[in-house]
Amino acid sequence: MADTLFLLLSALTVATALLVVVNKNAVNAAMFLLLSLVGLAGLFVLLDAPLLAFVLILVYAGAVVALFLFIIMLLDTTPGSFKAFQPLTVTAAGLGAALLGFGLWSLVHRAVLPLAPKSVPVPTMKQYAELLFTTYLLPVQVVGFLLLIAMLGVIVLSKKYTEVGERRTENR
Amino acid sequence: MLSNAQFLQLAIATPLGAALIIACGLPKRFAVKLAAVAFTLPALIALWLWSQFPAENAHQYSFLSTTYTGLADFGISLKLGLNGIALPMFLLAALVGAAAGFYALRSGAERLKLYLLLLLIMHGGLLGVFASVDIFFFYFFHELALIPTFIMVGVWGGRDRHYAAMKLTIYLTAGAMLSLLGLIALYVKSGANSFDLIELTDAIAAGGLDVRAQNWVGGLLLLGFGTLVSLWPLHTWAPLGYGAAPSSAAMLHAGVLKKFGLYGLIQIALPLLPIGMQHWAWKLALLAAFGNVLVVGFVTLAQRDLKQMLGYSSVMHMGYCFLGIACYSVIGSGGVVLLMVAHGLSVALLFLLATSVHHRTHSFDLAEMGGLAQKTPVLAAFFVAATMASIGLPGFANFPGELTVFVALWKFSPGLTAVAVAGVVISAVYGLRAAARIFFGPASEQLQRVHARHPPTDLDWREKLPALILLAALLFFGFYPKAISQPVDQALGHSAATQALFAPMKTR
Amino acid sequence: MHPMLNHAILVLLLPLASAAVIGLFLRRQGALAAWISTVTAGTIAAISIILLLHGERFEDSVEWLRFGTFSVSLGIKFDDLAALMLFIVGFVGFLIHVFSLGYMHDDPARARFFGGLSIFMFSMIGIVLADNLFMIFIFWELVGFSSWLLINHYHEKQSAADASKKAFIVNRVGDFGFLLGIIWCYYATSSGGAASTVNFTELAKLTAGGALPHGEWIALLLFCGAMGKSAQMPLQVWLPDAMEGPTPVSALIHAATMVAAGIYMLCRINVLMVPSALEVITWVGTITALYAALCAIVQRDIKKVLAYSTLSQLGYMVAAFGLGSTSTYALIDLPVATVATGVGAAMFHLTTHAFFKALLFLGSGSVIIGCHHEQDIFKMGGLRSKMPVTFFTFTIGVLAIIGLPFFAGFFSKDAILYLAMEKNTAVFAILAFTAVLTSFYMVRLWKITFLGETRSDAAKHAHESGFSMTLPLVVLALLSVAGGYSGVFDRLAGSVAGLVPEPDASGHTIILLVSLAVMTVGASAALLFYQSAATDTLEEKFRFGFSWLTWLKESFDRAYNYYVAKVQQRVAMLLNFLEQIFLAGLIIRGLAGFVGLIGYGARAVYTGSLHTYVFWFLLGAALLWAFAAGIF
Amino acid sequence: MSTEFLQAVADSNQWWALGPELTVACGALALLVLEILVPKKDLRFVPHLAVLTLLSTLIVVALNFDQTFGGEALFGGLIKLSAPGQVARVFFLLSSLLVCFLATICLPRARAPRVEFYHIVLVVTAALMLLAQANHFVMFFVALETVTIGFYILVSYYRERALSLEAGLKYLVLGALSSAILLFGIVLLYGAVGRVEQGGIVHTGFEYGTVLAFLRENPGNFLATAGALLVLGGVAFKIGAFPFQIWVPDVYQGAPTPVTAFLAVSSKAAGFAVLLTLVLNVFAPLQAVLVPVLSLLAGATIIFGNLSALTQRNTKRLMGLSGVAHAGYLLLGVIAAFTVPWAAGAVWFYLFTYLLASMAVFGVMAYVAGPDDRAEELDDYAQLAKDRPFLGGVLAVGVGSLAGIPPLAGFMGKLLLFVAAFQAQLYGLLVVAVGGVVVSIFYYFGWIRAAWFEIWTPPAPGAAPAPRPSPTALPFIGVVTLAALVLATVLLGFYPQPLAGWLLAR
Amino acid sequence: MTPLLATAPVYGLPSYLFVSALLFAIGFFGVLLRKNTLVIYMCLELMLLASTLALVAFSKFNGTLDGNVFVFFVLTIAAAEVAVGLAIIVALFRQRHTVQVEELNQLKH
């Protein structure tokens, strides 16, 4: 059962990820990304991390992809703006693909993985919380600051200045 | 009363300190006065130290003093002192520096304060080069003196000054970097963990460098120093740079700073890397004899521009120095030291006078000149004296130097000696030809045109004084070369004795 | 320290002091400078006579320079040879100083002239007193310099500037060999394990003990120096040109003393000579003597004639030196196993030649002054009555040089001819023929200048020179007569005089006849051919022969000019071209340009396109992965 | 997980040890509060507060530089106070201080909010300090990302200028890419190390010490090696090492000048701080792989940086590309640090000299750039030395120090690196480095030439010369700051004791 | 909760690792190929997520929770990155009216 689920979910994840790459339409790409996330979340569940799966869906599907979609709509990049891949690009990308394929092959074949412990209980919420608020308290604080400056940055980059009026595009 | 070691420190500190004060915004008329003092004092101190130098143990450093600059852990400290080889070079630097300084003081250059400032830095660096026992500071002071050269060429230079400054900078930096690598190699390979030449020598004497390392480090030093001293075919910066440089900078660089490489080879490379230097001796000698002496000698014949010609002739004379070093003998090295001092004085004098000639002809083109001696007999006399000195007339210091080099060279290779001596004929041809073109014969049209507008005057005291300093030194050492040869011989003889330690290694 | 040593040092340093004083302080006080220089020269002459007659001979030296085993000493070797030469230099020099007082009286650059004369005296005396080859070389060069200075006296004239330059450079060419020879000799002496030396006394000891290796080459290289200074073929080209200098200079330097320095130097190093080298030296001298005599015939300039005659006489001396045998003679106080007869004959002729050639030059100077700087003999004529003292003394000079019996030249020339007859018939024949030519051109000169009618305004207004100029003429005329008698010469030359070959009775007769014959033939031919005329009558008759001789005279100059203009300068231009275009241009600038080009290339990869940048990252990731996978 | 363990961990959260970071972060927060409280017209005091915060922290840290660390790991092993960490603190504080100084020149000229800028700079500074002291990959990644995201914003801060935004976008994409690579590397390391139980306490592959111990025992582990190298790839992006240097010139050119300086100095130094820690303390057993990798990177970086800078005319790009070359020299020191213990100190010394010189040059650039920040071509520097001798002098000293010309501090830095490299027997790289220095002379000297020699060059005949943008007026504080930088550069060249004694004598 | 995978699965850690690497590669690939900055950005997110998959898998098979906790941080950071990134893209679009990469190359050489 688990194996079947793994196959299904990983196929879904990989296939939709591929579609994100090759799809012409940005909106569709975002939708496929969403699907890919769902597959990933499923894999998380398979790996005994339902909490993470939940967070993933919440944060990514709920916020990030929505944001993407929102921006795509806002910027109104029509599907026509998709340009065909140029031969050179495809060649180079093919070369890159070959390299990456080699990398994957070697990763799986040559990796010496540590032995897994016999049985591991599914981590509980409490364990997450304990870790986050004892050992990882400092990073949590730092991430707080990170979010703060990200927020400020978004404001700085988007806020209208008090003086109204578009300035001419600088071309230099 | 200061001790002699403190005098030595003072000699180096004076120009640098004066430069600092001027940089802080001293008004111009005070700056000129201060600079005059700062140029004079080191010369006086150098003469005093010369008189105080204990000639009988010239192989040891006298007037030693050590100042720590924070890199003592790396074996770097500002250690000053003079031995028999350094003493004449120090004196040379002080004298030429004084002459160049006096010439600059009244040169009326634009932005005179900056000019003097840079010249003072250069002077301080030069004095430091030859007074440094620590080879790090030996290098450091060289660079300190080198930087103002670039700026002076670039700002106050003549024709092609931008290209010349750029070429000069890149060549000399490349040479300096290579020699720095060589010095670092010595530092690391010797195991002394110190840049102090005395400790380095002791460490190498105790441990010794293997043949391979000696060959490599020797080659590195030769390449680096060779570039700095314009070994053929790495010389093309020299004529161009000197052609463009303002007079005082050319005097100091061609006269003194260029000797850095040769001094380094004699003081450092020859005693520490006996096998390595012998390994390269023939290649060096061939390059110097055929490249520097013959080819550049002929090229000098073809020059029309006075300063270019002086630049090339300086390159040619460096060939003799390299030949002397290639001999790897006390005679050869001693001759080179003597020749360095002599060449330094004479080439500085020539550059000074070339500028004076230019003031009166408004041209450096030999083809346009002629008959200047009728209006300026004293200038002609000085110029002839300088030319005669540079072509090795007895009575001037160059002669004993060249003679010694030739004598040493004969033992190395009689064939190359013939080539080198043939160079003496070539130098006589271009030297006399230049003097004759400028001063003798009827006055040229160009000259008459210039003189119609600017009536010429003979040398005045601001030109005469520096020229006299140099000429007097040339004559003194020409008549009494033992003044130099005695300490140098002592110092070299001792290093020859240390080299005997390495004799068994040659069989390896 | 020898008690007379300080005299010798004084004699050496006095002229230096005089020159220094003049150069530093008396640049504008010509009269004072002239007097100081002349008084110095007088003192030198006096001391040299004292030293000569005092009879003390000594040597001493101090170290001048030492590096390791190499040391150069400055020293004085005062033997009979040096005493003779010092007397010639000092005395003739003094007379010429006195002459110059009058001759240069109106010259604006008098101070420079007399300063130069003092430097010359210093250098020449240095050569005379030197006790080793390095020291000789030092003063050798200085003599070259002072010669340059004095030839260049009228420096505003292009010809003077060129002539001085030529003199210096040609001398340098000779010195090239000289210096190599000295250094070779220096090392050759140490072959037996002894310390290297070039001290004359030591050299003599060494050669007495056993011959030096490479003796032939060393001797010939050293002879190169003499070739330059004594203007032997093929380095003779500078001497005629050197007549651009003031006439007293020509008399002092280019006739009496400096050019004789080569002969003197050869005599100094005679211990180093070997037969094969001597053979070469003989022929060089002989050919020079003949060639110069031929050239003298076609000259119109009074000084040029004398210059070529000097060349010819120097050839005689060199040939005489070369003809010397290697039999054992005692030179001074050392046993010497080499030439000596040559030394005697050469020095004898050198001495007499110094007197009469100085006389002739000074006489010509007097004529030139009298004729207001006219030098063409065909524009003179009839000066006998206008300048009686000059005429009288000049005549004595001419008689001396053509070898009229009972004049000085007769004795010395006879000695040389006798030597040649003994050793080498071919040389003898050529030298005898040269003697014919000598008397021919000298009598021609004399007749055209002084006899007949005046042929130019300058000559018409000629007048006798002042006392300061005639006095030296008279003194030199006396010496030109007396100098050849053994009573005088033995007094002057001491033991050197003993080396002059004395022909036996039969040889004596033959030589006497031959020399009388050649003199008579030459002189009478000249008297016959030449009448007083504004043009060269002989030239009109023998146009072909004349033009051939002229061509011969100019051929060397042409060859040298061709070398300078077409070979040397073109090589220089070619090398310069290669240097500028190939080395500085193609290689250095090319390298810089190449690096710059790569720089442009490296700059061009920053395309600004994000995609290409991502490819770089891919490359980097792949590279890292490859390292991790152990591919590299 | 036992309560005792958690208690112990919680006890190790000694916040006092992070005093400087906390002070700076609190200063940042205070800025925001002030913005709300203080009326608009008084907002010009805000930068002063930022400077004050940094300065006071710097002084406190510098005075206590050897008292607060004992080498123990705090925060459950997330942070380790150490001597290099203390050096890094001083470095980043000083650098940020100067960036704020530059910002006071540049920001008023642009229509951009100010308070936020200083706030982000302060937060990034704190994150940089944490980054240098991180002892744990989670802490490392979080701090790194804080820095990176801060830089995304700062680079595109002039949001009205397309170039700034384009630079921001490029930095964003490439930065995110490198973050992804780095993260993947961390994950691989985590996976490779697995679970290590020691004395009842479970350690993971996130902890530096654990990774080190693991690698000691399994130096040939492919997964760990790949992970380590990918992490290094991420760091290489920060320091701008080949082939991850490709973003440098574009981003440097587009970013506001203070941010360019911040990137050039702090970001690069952070990369090296991390690299030194990782290479010496974490990946040390992988020396056999790391040395060739780093050598290749160093050589290629030096060559590529110098060559591409050779013909560059834009000063900001020039600084970027030459900075790439400097990264190459520094890598030399990092490689040498494997065998020569003091080489790490030499790297820091070099970074300090680079800081002083770069900031001086950027200061001049900020003044020369003119009111619209456009004068940044070499041609714009013509006659500078004549018109503004002070700026010309500062530029000459700064550029000279960057070029490594004695007697300036940059030379001492290069010398120490070269000596270290020589002792480590990196001969091939030394040759490359020397060649690079020679090439670099060309463009550095070209800059000095532009400012100093182009004095009497008349404008091109015929064409009316475009009016030169006049440099911004130089306030007193600017003179003092630049003069201090120059003085420090010169003094350290003559007398490196203050810095060298501190960095190298341990 | 009880583990879902009570029985030992066929597809163990290597398989998850493979999927993760594949996702990473695909993301990289997208960054290489796509011209729309928004899509490029999505692909970058994909790469980050690929890492989280490996992280979770390792965490599970190692039996340490730290990997999972790290995922929290990664997700948070990724979200922040997206926010900032999108803000930049929007601002850029306002200036240049394009989100195509090849038109955003004014900074070059």
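Annotations
Order of writing sets the labels: A, B, C, D and E. Residues in every chain begin at 1.
We adopt the following convention: contacts are C-beta pairs under 8 Å (C-beta built on N, C-alpha and C of every residue); 3 or more make two chains touch, one makes a residue touch a chain.
Remember, it's a predicted structure, so these values are computed and weren't measured experimentally.
Within the contact network of the assembly, the step distance from chain B to chain E comes to 2.
The chains in contact with chain D and with chain E alike are A, C.
Of all chain pairs, the one linked by the most C-beta contacts is A-E. Each chain's centre was taken as the mean of its CA atoms, and the one lying most distant from chain D is C.
The central chain here, found by comparing per-chain C-alpha centres with the mean of all protein C-alpha atoms, is B.
If each chain is reduced to the centroid of its CA atoms, chain B and chain C end up 36 Å from each other. Centre to centre, using the average C-alpha position, chain C and chain D are separated by 77 Å. Centre-to-centre separation of chain A and chain E, using mean CA positions: 4 Å.
Inter-chain spacing, taken between the CA centroids of chain B and chain D, is 42 Å. Among the residues of chain E, those in touch with two or more other chains are 13, 17, 27-28, 31-32, 35, 40-41, 57, 59, 62-63, 66, 69, 73, 77, 80-81, 84, 88-89, 91, 95-96, 102, 104-108. Across the assembly, chain D contributes 138, 142, 145, 149, 152-153, 156, 159-163, 169-170, 173, 177, 191, 194-195, 222, 226, 249-250 as residues in contact with two or more other chains.
Within chain B, contacts with two or more other chains are made by residues 170.
Touching pairs of chains, sorted by label, consist of A-C, A-D, A-E, B-C, B-D, C-D, C-E, D-E. Partner chain A is touched in their complex by these residues of chain D: 1, 6, 9-10, 13, 18, 25, 28, 32, 75-76, 78-79, 111-113, 116, 119-120, 123-124, 126-127, 130, 138-139, 142-143, 145-146, 149-150, 152-153, 156-157, 159-163, 191-195, 218, 221-223, 226, 374. Per the touch definition, chain E reaches chain D in the complex via residues 13, 17, 24, 27-28, 31, 37, 40-41, 44, 47-48, 50-51, 54-55, 57-59, 62-64, 66-67, 69-70, 73-74, 77, 80-81, 84-85, 88-89, 91-92, 95-96, 104-108. Within the complex formed with chain C, the chain E residues making contact are 28, 31-32, 35, 40, 101-102, 104-109. Chain D meets chain C in the complex at residues 169-170, 173-174, 177-178, 181, 222, 225-226, 228-230, 232-233, 236, 242-244, 246-247, 249-250, 289, 292-293, 296, 304, 307-312, 439.
By the touch rule above, chain D contacts chain E in their complex via residues 138, 141-142, 145, 149, 152-153, 156, 159-163, 165-170, 172-173, 176-177, 179-180, 183-184, 186-188, 190-191, 194-195, 202, 204, 206, 249-251, 253-254.
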